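Input: a single structure, listed below in structure tokens.
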Amino acid sequence: MVPTDLRYTNDHEWVRVVGDEATIGITAYAADQLGDIVFVDLPDVGRSVEQSAAFGVVESVKAVSDLFAPVSGEVTETNPDLGRNPELVNSDPYGAGWMVRVRLGDAAQLDALLDPDAYDALIAAG
Amino acid sequence: MPYGPHTADDRERMLGALGLTSVDQLFEDIPVALRASRLDLPDPEPELELAARLTGLAARNRTDLASFLGAGVYRHWSPPAVDQLLLRGEWYTAYTPYQPEVSQGTLQSIYEYESLLAELVDLDVVSASHYDGATATAEAALMTCRATRRERVLISRGVHPHYRETTRTYFEGGLDLEEIPLVADGEAAGTTDLAALERMLAEPGRPVAGVIAAQPDFCGLLEPMPEIGRLAHAAGALFVAVVEPVSLAVLAPPGAYGADIAAGEGQPLGIAPQYGGPYLGILAATDALVRQIPGRLVGLTSDLDGKRAFVMTMRAREQDIRRDKAASNICTNQALLALAAAIYLATVGPHGLRDVAALGAARAAELEAALAAVGVDRLHRGPYLNEFVIRVPAARAVHRRLLDAGVLAGLVLADAEPDDPSLAEGLLVCATEVTTSDEIARFARAIGAILGAPVAEVAR
Amino acid sequence: MSVTGERLQPTIFELGRHGRGGGKIPHPPADALERIPADARRAVPAALPELNEADVVRHYVNLSQLNYAVDTGFYPLGSCTMKFNPKLNEWAARLPGFADLHPLAPDEVAQGTLQLLWELERALAEISGMRAVTLQPAAGAQGELTGILMIRAHHRARGEGARDEVLVPDSSHGTNPATASMAGYRTITIPSAADGGVDIDAFRAALGPRTAAVMITNPSTLGLFEARIGELLEAVHAAGALAYMDGANLNAILGHFKPGEAGFDVMHFNVHKTFSTPHGGGGPGAGPVGVGDTLLPYLPEPRVLRGDDGSFHLERTGERSTSIGRLRSFVGNTGVLIRAYAYIRAHGASGLREVSDDAVLAANYLKHRLSGTYDIPYDRACKHEFVASAATIKKQTGVRTLDIAKRLIDYGYHPPTIYFPLIVDEGMLIEPTETESVETLDAFADALIAIAAETTTTPELVTGAPHSAPVRRLDEATAARQPNLRWRPMSGAETPCPD
């Protein structure tokens, strides 16, 4: 069962919203599929991301995957620890392995995302 | 079939296991309408006959000339140890080291090559190699665009024309490649025009991603690399140095004058001219640019038991994983040539390499003096290492007559750089450690004799 | 592969000692470099290691023993065509007349090589049913780029530069979409049909006024001949697009199918696959490209031409204004091409056709031996290679294709291609080629069958493999996270030099 305080995308990103601040990462399922994460390519602070559009790349030893934004907004922070310790995405995907923080433009966008049960169902089917 | 093991019995046995009577049954899925017409090729040649015919073909090339031809590919002496080691089947018949447990030979040799070249160019990272100097330069140019997110690259006309043409092909559509002119007169004639470069860098609304210059340049002249680098960086552009590896034993390396990327041709490191290749594309960069480097990288790691081992790394950048997002489609590296270069460097050593470069310089000075003594002078005035341009009226015709006299008098620049009128009477000549005083004397005598008499321009 | 005697080696840097080496190059005059301005001179010498020749030789001989190679054993690598590399070809390429020839030498002193290159172009054109061939591209991937750039030039010349899409099947080699991107195209990936072939209807639906080209491998990367290729090519041309064939699998169809005759506009050859030039541990190769009439004007320059007097020469730069230009320096990887030429002439037409006959027979025989033990997703006559899968084994035992591949090393074999093409779960792509004996094929099949049994009886032997190679599985994650790409003198933190 995935964390209940988050929302999810079909592409296995999660988002945690506190006020107008949205923290984004990838799920344990995605990290498992990719294998040992070796590099995360994130946008610069100040850039805008758009819901469902690619905003970065995550690389493992044998695979690479685009990161798709669950919500639109302006990037306010990127995780400074992922440069030296990309393995945090594997070991703590919902906590220390967070990727970017974004200033949420439109809270209504959250309605388009999957709730924890729906995401659990998605990965059970997959 | 000359190399296959299957006898009629073997084929019968395999067909029998499949319940078939003829191998043609395995090709029935090719629609009749699409089946090939007859293959119209010469009959198979048993090796004895093929060998004789190949010997005859090779003999139709003339390699007995006193050659002063360089222009990107240089005659050097390669110690026989290099080729004898290269002939080991474990080296040349090995596959790409995707299974590192059974490829530690190749992997370690590539890591060593990367490290040896890193010392030579004085930059942090060297790739496992690119196809040749031209494609390495083109990829370096593309790297500057990716790294700066700008679309305009300036390349000096002092860079080898093939490298400029190749970069232009890679840039077609979307990216902007402009040539920096050379100084026309005076002491700096034939080198990159710094004032022009500064103007080009300052053009409003057209930021530059990279500036590319060669050391030595195509005409053999030494370029003001630190100044070019300073101008590039002041404008926020990256600086790419195109270099010749033997010269780096005695000339300042790219890392010493602030280059961000180095590209070049590794052929002079023990690889035979072979009429065009295979050669060795050198590509190196600072740590900051490591993720932008296309192609393979071999790194050091350890295995399950803690033993030191080598592996292709950062592979997610490459085509088989990134596919349409890969920085480059390159699926190979010149592994065997990188091995040859590493063995060459290990065998001649740092002192030997320095002696190769210094001997070339000494012979070139001897050549310059011998030619001047018969009235043939350099076109340019600036310093050179071992290659320079001589001014010869009716250069093409003289070149042809020298050929008849057994001298390959370098390169006719009117052919290589037809757009540069200042080079219309130029011959690009070089000397290396294998050039002899006899050959130099022969060249000087022959050209002196030819120019002593009237010469008609030969129609093309 | 024998497992005794291969010892890990220190690096060349660790073997060097100050003062060793020498005796190779004469000493230059003391003042040789005086005329070089001081600010252009190297201030700090390169820290290259100093070794005597004996140590260099031992180092590289010992390192070579750590390699698996065609000359040591069988490589069942699908899509790579690891056939025997004839030794005559090494001798031929090293003939001084060929090896010492400068690429800018005047045509009249290069007649032997020019003739060989011209004849090779003709032979490749005949084999492929194409009108003309360029030998310039340095590798198959560069050949692909050459082909796509010519296609782009063609569309632009017709005012159809708006075509910005290239279609590829989802089974394609990664170089195909990477090449399309390099040329500025967007790649549209078309899912394969259930039988493993190209889905003609899906292609038809995707073809349109924005399509510049399709890139097809035939036989496909699953080793299956595209029986409906004629229909596909018609649809492509009807949409105003051109058809590129990835020639990686040519070993299956020599003498049986000529892509140019069937309607492909352009294709590349991998001479290090089909025509036996050695892989060299990752290169060099060469990727000649064949074209039909449509793309002939756009071939890279310089072409190798024959005059009326029977002599040969290179095109002059700029002589043919429609050319896409050059893709690299000089004329091509001539040293590699000489080997391919010798191979083709040794075989002749009958020999080449036999190559494909034997390659296809061997692949089908091996597939037959393995069916029943491994899943065979596409169980019909294959061409020179086939896909097997350990999907059922994984479901039953948890052991994966990767583990089985690594365990093959303990049995003395190089693993086959794994996890390619991407569309097969736990896939192994196996290509025996025509130069492996029936005994070798049987022994290899026996090994794979034995390993399948191990997955139920002693799975840890498989998941922990290899046990007998010079090194065991590597820490690739650390290698990518903290790359060490350059030797530095040991600081004490690194793994020490092997004893």
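Things to note:
Note that the chains take the letters A, B and C in the order they are written out, and that residue 1 is the start of every chain.
One rule holds for everything that comes next: a contact is a pair of C-beta atoms (placed from the backbone, for glycine too) under 8 Å apart; a residue touches a chain by one contact, two chains touch by 3 or more.
In this text, all values refer to a predicted model and were calculated from it rather than measured experimentally.
Among the remaining chains, those touching chain A and also chain B are C. Taking A-C and B-C together, the chain pair joined by more C-beta contacts is B-C.
Averaging the CA coordinates per chain and comparing them to the mean over all protein CA atoms picks out C as nearest.
On a Cα centroid basis, the chain most remote from chain C in this structure is A.
Taking each chain's centre as the average of its CA atoms, chain A and chain B sit 44 Å apart. Look at where the CA atoms of chain A average out and do the same for chain C: the two points lie 37 Å apart. Centre to centre, using the average C-alpha position, chain B and chain C are separated by 20 Å.
The set of chain C residues touching two or more other chains comprises 476, 480. Among the residues of chain A, those in touch with two or more other chains are 38-39, 59, 61.
Residues of chain B in contact with at least two other chains: 314-316, 321-322, 325. Across the complex, chain B meets chain A through its residues 291, 314-317, 321-322, 325. Only residues 36, 38-39, 59, 61, 86-87 of chain A touch chain C when the two sit together in their complex.
Against chain A, in their complex, chain C makes its touches with residues 476-477, 480-481.
Note for the complex: chain A touches chain B at residues 38-39, 57, 59-64.
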